[in-house]
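Shared between the two complexes below is chain A, which pairs with chain B and chain C, respectively.
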Partner chain A sequence: MNEISSSKPEGQAMISMAGVDKWYGAFQALKDINISVGKGEKIVLCGPSGSGKSTLIRCINHLETYQKGEIRVGDIVLGHQAKSIDAVRREVGMVFQQFNLFPHLTVLENCMLAPMRALRLSKVEAESRARQLLERVRISEQADKYPAQLSGGQQQRVAIARALCMRPQVMLFDEPTSALDPEMVKEVLDTMIALAEEGMTMICVTHEMGFARQVADRVIFMASGAVVEQAPPAEFFSDPKHERTRKFLGEILGRH
Partner chain B sequence: MNYTLDFAPVIEGLPNLLAACLGTFTLAICGMILAVIIGIGGVVLRQSTLAPVRWLVIGFVELIRNTPFLVQIFFIYFALPLIGVRLDPTPTAIIALGINGGAYAIEIIRGGVQSISKGQMEAGLALGLHKAQVFRLIILKPALRAIFPSLTSQFVLLTLTTSIASAISAYELTSVSQRIESDSFRSFEVYFTVTVFYLVISWLMMRLFAFFSARYFAYPVK
Partner chain C sequence: MGRDEIIFLLIGLKWTIALSIVGFVCGCIAGLFIALARTSGVRVVEGLTAGYIAVFQGTPLLMQLFVVYYGLALIGIKVDAWLAVAVGLTLHASAYLGEIWRGAIEAVPQGQTEASKALALSYSSRMKDIILPQALRISLPATIGFLVQLIKGTSLASIVGFTELTRAGNIISNQIFQPLTVFGIVGILYFIMCCPLTIYGAHLERKFAAQAR
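Here is the complex of A and B:
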């Protein structure tokens, strides 16, 4: 047993998916997904385009519905009723490839909106929380600017701060650096690394294999809607078990 | 042609005409407010999960956009009293303008809402906001900004449409000028003046919208 697998938490998982199936009409996008993520664990989810990575993490906060199986976040069972969906969304933050900041609100207002409206924090509380988290992603000097006035990397860091303002237990990242110019990738990855070091439970869809090596406790490889292989990064990269994984790694590492 | 211009009756009627301009403004502004309420409300109902509610909105839009405004205003003024709804000309005109403008506003605003990327809705939901909050706090403003030029021209049109309310003798510019014209027979002078007044009113409306837009939509976009 190496250090990484022994660091797997005892007791209850932070996220568990059991036998999850999802169809888009007749097309099955997720096939019998069984994943368990412990508290504080960092997962990198990778796989070819169209393999179902986005669909998988979007099921966790119910941006997509699923037809079969069970998903739990903490001790909440994510059913299909509004109440459990609300509860889960308060615990799960999400960062999107396209940032999705609200263009008509300043950086500060972007961060204050949900805490005030969904958590009913007072304006003062929401603002102090927002400033604190903007500080943490090292962008507090931009608090009064609008999203369109920021670079892509800055926008993505604001998006991370905005999600953190809900004090989530889990953060989901869907290709957070794919829409960025190369010179901005690092600032966002550094922010994510810092978050990981603080003990956040994270599932990151990314093809940044350097990030995976440095941060991930486990790499999960998907293809055609199914989990093909999962292993700690050292093992995943040096000794992939499946042909499809080898092929994928060949393509992705060959590119760099 | 040796028609001699005589603006005396117009000048004499000027206080009346100016007051009538105010009447036109009142009809237009109240009609627009109602139209915006109907427009936004209609867009919300148009997205309802209940199919009959959606059909009702679609039916309303089709009905209003495919019948003449004059008939709509006559319907409210002359037909509704037969089922016990009796309204004065001014409220009738405001309601008719609001309903008519509202039907067009529904389609225009809906286009704006559809132009907002799905990611905005998803980001709002992922942050724990409800659908109605996302619509009100996140989608609505950028959506209105996107279609504001179309909404402006629709509402300038609504402003000019107030003249049709003269058919039920509502207090506005056209009906007052008709009175001055039939008393004085100075058709050219009266309608020349009224044309200028309408131009000024349209221009003022556009300035008003531009002012509002510069205030409300001040945030920068890429």
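Here is the complex of A and C:
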């Protein structure tokens, strides 16, 4: 497993965070984050609640600002000006715990809007792209329904398709299965696995350790706003180095 | 009470409707900008619009109409009563609608803004395509409620000498000395305008409440 991460040379980093610090007022939510994610690499980010996982991935597409350090996506340096933020957001798709589909638009319209507005695609192009991706997440027969008419698992698959319609280079997932009923977790994970197999660069915040074992190239463990440990999944689960990692794994694996 | 009197009342009614429409439509347009400014995230702009809203919500409409009517005359701008009242009602409506819609914009879940941003939508697209359609829906019952208040509020235009429905009623009543009949009819005309709106507003409120469940 080790050779997977070493086969991604530094120069090809799809995402890099260097010395990133973030404060909410006086509270430091991220402490000196240094992460480099290669093209096509799949990262699972885990850690106790409140450890800063969401904050970290939300900095990558500038849903949160950060006060120190540098973030790059591809060759774009994410500054605080609108231009670089827009450029990054066109390359980075995000899937949220609560789906955040647009309730007043149909499934198809949800998928067509951003390509038309942000990429200036024609309606025809946007629709064919949307239908193609809804097909890919196996939900094309629901295209004309409204989000509220779908199950949670279906909604989350639409949210994935919606993000993919931008043809992003990177996908960020923030606990995509945490709000789902247990019987719907698998359909969403299967969609994510398929995406991983197609070579998408992914950062997934998740506590689905089966998913981590199956698709992750690297597992990153965070606690109290800092990266504590990172390793390929086999090593991470069998031989965690830090006490906090062991404690966390004990809790999370013991629970299942 | 004869045919001529009825026609005179109906002409007054026409002006009441015209004032309501102008006040509401212009108030909606100005109110939209007030609401957007109020939620812009820019401190100074938010503060200024908060002040604007406070002034117009904190003073009587009658006084606002006086100030516009006589105030504009004082600084040398000659306007007729119609324009002064239209401007006054627009300012008044923009403040109330701005505040109603500010609340509605803020009631749209934060996740909608985040998803829009993550999809690289611009501010204008985020507002036009995502936030405002949802906010409008949320605010519809309150907006209709305000429209009803505004229709009744146009009666204050009579104070600055504008002959809308209430003033028309007053004039007729002074001519034929049948205040009960005349104002009874005037009341019925207001009721016919406002009651369907009130019922429609209540209907929407129930419908949205049912959907939210």
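In this section, the second predicted complex is superposed on the first by the 248 of 256 C-alpha atoms of A that agree within 3 Å, B and C clash if a C-alpha of one lies under 4 Å from a C-alpha of the other, contacts with A are read in each partner's own complex, and residues count from 1 in each chain.
The working rule: contacts are C-beta pairs under 8 Å (C-beta built on N, C-alpha and C of every residue); 3 or more make two chains touch, one makes a residue touch a chain.
Since this is a predicted model, take the numbers as computed values, not measurements.
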item: Superposition on chain A - do chain B and chain C clash or fit; value: clash
item: Which superposed partner A:Ala118 touches (first chain B, second chain C, both, neither); value: both
item: First (chain B), second (chain C), both or neither touched by A:Val205; value: neither
item: Which superposed partner A:Val158 touches (first chain B, second chain C, both, neither); value: neither
item: Contacts of A:Ala196 with chain B and chain C, given as first, second, both or neither; value: neither
item: Contacts of A:Gly93 with chain B and chain C, given as first, second, both or neither; value: both
item: First (chain B), second (chain C), both or neither touched by A:Asn61; value: both
item: Partner chain(s) touched by A:Phe102 [first = chain B, second = chain C, both, neither]; value: both
item: Which of chain B and chain C A:Ile33 touches, first, second, both or neither; value: neither
item: Chain A positions touched by chain B in one structure and by chain C in the second; value: 61, 63, 86, 89-90, 92-94, 96, 98, 100-104, 113-114, 117-118, 162-163, 166
item: Chain A-facing residues of chain B, complex; value: 117, 119-120, 122-130, 133, 137-138, 141-142, 145, 217, 219-222
item: In the complex with chain A, residue positions of chain C that touch it; value: 109, 111-112, 114-115, 117-122, 125, 129-130, 133-134, 137
item: Residues of chain A touching chain C in the complex; value: 61-63, 86, 89-90, 92-94, 96, 98, 100-104, 113-114, 117-118, 162-163, 166
item: Chain B contact footprint on chain A (complex, rising order); value: 61, 63, 86, 89-90, 92-94, 96, 98, 100-105, 113-114, 117-119, 146, 148-149, 159, 162-163, 166
